[in-house]
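Multiple structures are listed underneath, in structure tokens.
In what comes next, chain A is part of two complexes: it sits with chain B in the first one and with chain C in the second one.
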Partner chain A sequence: MAEVTEAVRAARTATGERRGGPQRWLPYLLLAPSVAYLLIFFASPMIQAFGLAFTSTTGGWGLESVRAMFGDDRFWPAVWTTLILLVVLLPLQFALALAMSMVITSRLRASGFWLYVFLLPLGVSELGAGILWYSIFVEQGWLNTVLQSLGLIDRPVIWLDYREPWRVIGTIVVAEAWRSTSLIVIILVGGLRAIPRDYLEAADVFHAGPWQRMRHVVLPMMRPTIRTALIVRTVLAFEVFATVVALGGTATDVLATQANRAYTEYQDAHLASAYGLVILLVSLVAVGIILVALPTRKERGQ
Partner chain B sequence: MRLSRRQVLRLGLGAAASGLLAGCALDTTGAPGSQGSEGLVFYSTQLATTEEAEAVRRQILAGFGRQVQFVSDSSASKMFDRVRADARAGSSSIGLLGALQGEFATLAKEALLRDMTDVVEQLGDRGFTRQYLDLARVDGRYAFVPWISASYIMAARREALPFLPAGADLQRLTYTQLLDWTRAIQQATGAPRFGLPAGEKGLLKRFLQGYAYPSFTGGVNTTFASADAVGMWEWVRAVWGTANPQSVTYGFMQEPLLSGEVWVAWDHAVRLVDALETRPDDVVSFPAPTGPKGLGYLPVLGGLSIPRAVADPQPSIDLIRHLTDPARVSTTLRTVAWFPPQDLATIPGGLPPGVGQEAETLQRMVGTPGAVASSLAVGLGGQSGAYDKVFTDAFRAIVLDGGDIGGTLATQAVALQGVLDTAKAACWAPDPVGEGVCRVG
Partner chain C sequence: MTARRVLGYGGAVLLAGWILVPIWFVVVGAFSTADAIYGYPLAAWPDWSLESMRFFVTSAGVPEALLSSVIVAVLTGVLTLLLAAPAGYALARFVFPGANAYRLTVLSTRAFPVVVLSIPLAVFFLQWGIYDSVWGVALMHTALALPFVVLMVSAVFAGVPVDLEEAAQVFGCSRSGAFRRAVVPNAAPGLAAAATFAVLLSYNEVFAASILTLQHPTLPVFVLTGLTQAPLPFRYAGALFLLAPAFLFILLIRRRLLGVGGGPTLR
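What follows is the complex of A and B.
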């Protein structure tokens, strides 16, 4: 026995574990590339954006760009549309994604096939999705053609009529739900597969119905996964851009389209950065709310 | 070997995915900054759509002895940034620039361009139109060589013609007749069939700056909030009531004209030509209408110039010679439908039907008594985006949101004066050209 302990000690010494040699630095070394990546590609542009947002076109420090942003007639409509899209899309996509991931992880026939079908939109770029849905909703588009051939409408409906903002937002919701639900599906499928069989079998033993199983076993077990998915989806919701441009044109604004327009069309990097900051702040607040609303077991002190 | 259903699916998806990825990889060839190890870089803010860029690479540049890398990006600010950075570095990564007159004016004011007078003189045999040569001069020297030209015109589907108001001549319409016409179409068909390119990529701002304002008020900046301007905005609001509400998504009017969503439209000639080429029997082009102060229109001139930082300009001069060669001019007209800055009669081989129709329309428009040529905003430099914003914001507030015209114009006039003050820009045509900062009226 003593020999074995001695051998282990010798091995540990050899690998430098106790002396704090190279082993001690190894984790930092391994982390270094990603830290450098984050610093160069995330932190430094973010700091530059702060600088740009609080300087004016003439170069001096000040709140000129921030004031210009708040003074823009399009600012508040853009904030509201962004929030409306988030509030409508988030529960809708979660319900859809949960149903889709249940289908994929079920032991039904062809459940693997559905994985491919559900994940297909991931391969389409945001702009591609915008153009695709534009060709569906436009006056001479596929939707009107189908509805007319079925005799449901007499003449084409102008779905993308900016005077009916809810209709336009509806088309954006459909396009976005189609495009980005699959991302949540991937995360949820991972969470579902990680639930140990024993728990589900235990639920069966106690004659739990499908709803009880979902409510008391699946959803609690998925809490960390759902939290991750919510955060990812929320952050992405603030960046929604191409589908809004394609379907809403210049009459429907969200924060990201405003930031883009400020930079590309008005050639004002300062104003664009001010919008970028607002997107960052709103995202941080939303993520904070999610973190507080859905604490993990450890955070709840259990 | 038997494949399971799952394997077949995976193979299929894999093939589709690799196709997509290959497509993405190919797409990077046009990315700005992608510089080949050798070859002359021809950077252009014009001909920036995929089809146009392909036509330049495959047809227009064909036959030039050296390797040329054509990089196109419609963002003027990116082009300015790049030329400025090159000048600071003391060596140019760009051999030849293709851009619009106003963009070159900005670069010339910053002394970033080579004096092109010797090249223009060498190309005396090209027969450039005097009007365009005048536009190419900045402070008495040539800032660029005229290359391509265009303007904005109107087009209509033939089924719209029966609704023309009595006594109206399509080739000499007034703004009032145009409104009566689009109203008549709406009443007869029950659908709004007028169209303006008010989308993200649309050029509605040029309609306001170069057509509506000069035609109704005789100026742009000096008459921005005048009583005539109020009348103009009332007209815009009225005609918008007969426009397809999808206009806020339209970039190029040729597509909605072809699909029938729009029957009467105004746009850049290049953005209408597909409709005229595809359906020459169903779509007609005609000049922009005449207003109380004449027929305001906006000639567009693109040119070629060499950054000052280029050490050896000879290859770039050779490329200019190639691009302005009559055979190449003919190819340019045919493939990308931009007109040459010289008399069309000198172009070998005749014109394709759609392009020919546009050329006739353009000549008729320019020749209309009372035609008022505006120039694109000159001397605004980095403020050109803010300048356009004043017009799009006014449009949005007055037309889309139904705001008070006088009040909106008063607010926007302050913003406009701010832009002109920051840029220290003097007035340009059709406002009385003068010294000192232009005053908004």
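What follows is the complex of A and C.
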């Protein structure tokens, strides 16, 4: 091996490369285009968003747009719906995702098939998933067809009844659980595969049941993975948009639908940016809470 | 077969049903006549009529929107790969100060919602004259896809043994020659998968595209804005159009999606 490295070094010297020469700058040169791109299309709009939110259509700095947002009748309902969706969805999705990841990592046959099916919704757009579940929950849809053929209902139920916000929120929860659980599956599978076999075998040696094994071996080992998944899922939950539009129409509001309406209907980039900043703020607060609530071993000083 | 395995397969089938049965419903809806769709109760089997699909693709605005979507998605895929490939290679092959800071920055972009990004970008694009164009949307989608594709690509390059590259250099290739002849052929499938990811993200993205377009919407934006007045056959056929690429693309890239720096995000 040493000779090969020597030969490579000789070859590099021959082609004009030297340690500390162009070699040292090469990685930075390679990163430069992506850094420049992210500065232009990520960092600068992010800064501009503050500029927009704290000015108004009439020009001049001030809290006018922010005040307009708080004064909107739909603001607080949108905040609550967003939070309720998150709180109901997280445990449901983690349970589902954990079950799916166990299937993928267990040595069942056709593992490629299970992986494919469980990851399918990852490629499905929010809107596609929203309409898909609309076809199920609509009055002349699949759910009523199935329930009636089983004799559980006498006539079609109006699931998407806009006078019953809870029912509509329930349908959004189901659609989102279907659509966005795959993302958690991907993260959890990575974590499950990283658990050394010895630990699981040790659990077997001590006659740990499946529940004990989960509680005392798998979950503690998965702590960092679960934390990552929680952060990713939480941040995305604050941006839920098209599923809500597809199922809730204009009657159900979340923060992202409000931001979209501010821009596309009221043509007010300032108000829309103010909504954007609220989403950013709650995302960062949520990430902070998760980081503090689930410290890794290193952070706990163990 | 032990009781535990029976339980395992039973659970797997139930979970697969939870994913697949709703997809079957959309397939049935898209391939049924309007009469069948409005005729409650619904039949579990489609009449394999192309009426609804034909109605959708010939609706005013749909062909243009579909074309826009495809152009935007391809532009996003190419642009993302061009920017991500060098960065991914640098992360995979070099040890240098700042590499971790770069990784961390890339990962942290996840915390910034697309809602905050797209509205200022709309203002910029109006000034630059690319508002309501495929370029504007593609530039935005590239910004969204880039962080994840960089990490995917870096995993791809890390998977190509460095020995191959060194061997090529021993046999007289320059560094760039070694890259071209030894690394690219081995990395190509992985790079294609990474680009596919960007294409799929772009095809699915609706929030930013709806902010950045007006007269020239992408397909999801067109379907979204028409949703309140759209008849059921239009919705169901539209949903199938939105879902279709996922069936193929996820099949192609499913294994590469696992273990990418905390999971890639498709919208």
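Couple of notes before you dig in:
Here, the second predicted complex is superposed on the first by the 262 of 302 C-alpha atoms of A that agree within 3 Å, B and C clash if a C-alpha of one lies under 4 Å from a C-alpha of the other, contacts with A are read in each partner's own complex, and residues count from 1 in each chain.
Just so it is clear, a residue touches a chain if its C-beta (ideal position, glycine included) is under 8 Å from a C-beta of that chain, and two chains touch if they have at least 3 such contacts.
These figures come from a predicted structure and were not determined experimentally.
With both complexes brought onto chain A, simultaneous placement of chain B and chain C is prevented by a clash. Set against each other, chain B and chain C differ in how many residues of chain A they touch, and the higher count belongs to C. After overlaying the two complexes on the shared chain, residue contacts for A:73 are found with chain B alone; chain C is out of touch.
By the touch criterion stated above, A:250 is placed in contact with chain B and with chain C alike.
When the shared chain is aligned, chain B comes close enough to touch A:266, but chain C does not.
In the superposition on chain A, contact is made by A:239 with chain C only, not with chain B.
Touch criterion not met for A:54: it reaches neither chain B nor chain C. Within the superposed three-chain model, A:108 lies in touch with chain C and out of touch with chain B [touch as defined at top]. Within the superposed three-chain model, A:123 lies in touch with chain B and with chain C [touch as defined at top].
Only one segment of chain B in 24-32, 276-284 or 384-392 runs into chain C in the superposed model, and that segment is 24-32. Within chain A, the residues touching chain B in one complex and chain C in the other are 112, 116, 123, 134, 138-140, 245-246, 249-250, 264. Considering their complex, residues 57-58, 73-74, 112-113, 116, 123, 134, 138-140, 155, 158, 160-163, 245-251, 261, 264-268 of chain A touch chain B. Those residues of chain C that touch chain A in the shared complex are 5, 8-9, 11-12, 15-16, 18-20, 22-23, 25-26, 29, 37-42, 82-84, 86-87, 89-91, 93-94, 96, 98-99, 102, 105-106, 109-124, 139-140, 142-143, 146-147, 150, 163, 166-167, 169-170, 172, 174-175, 200, 203-207, 210-211, 220, 223-224, 227-228, 232, 235-236, 238-239, 242-243, 245-247, 249-251, 254-255, 257-260, 262-267. Residue ranges on chain A touching chain C, taken from their complex, read 4-5, 7-8, 11-12, 15, 17, 24, 26-31, 33-35, 37-38, 41-42, 44-46, 48-49, 51-52, 96, 99-100, 102-103, 106, 108, 112, 114-128, 131-136, 138-142, 144-145, 148-149, 156, 178, 183-184, 186-187, 189-190, 193, 228-229, 231-232, 235-236, 238-239, 241-242, 245-246, 249-250, 255-256, 259-260, 263-264, 269, 272-273, 275-277, 279-280, 283-284, 287. Across the complex, chain A is touched by residues 5-6, 9, 13, 16-17, 20, 75-77, 190-191, 198-200, 202, 244-250, 259-261, 382, 384-386, 388-389, 392-393, 396-397, 400-401, 422 of chain B.
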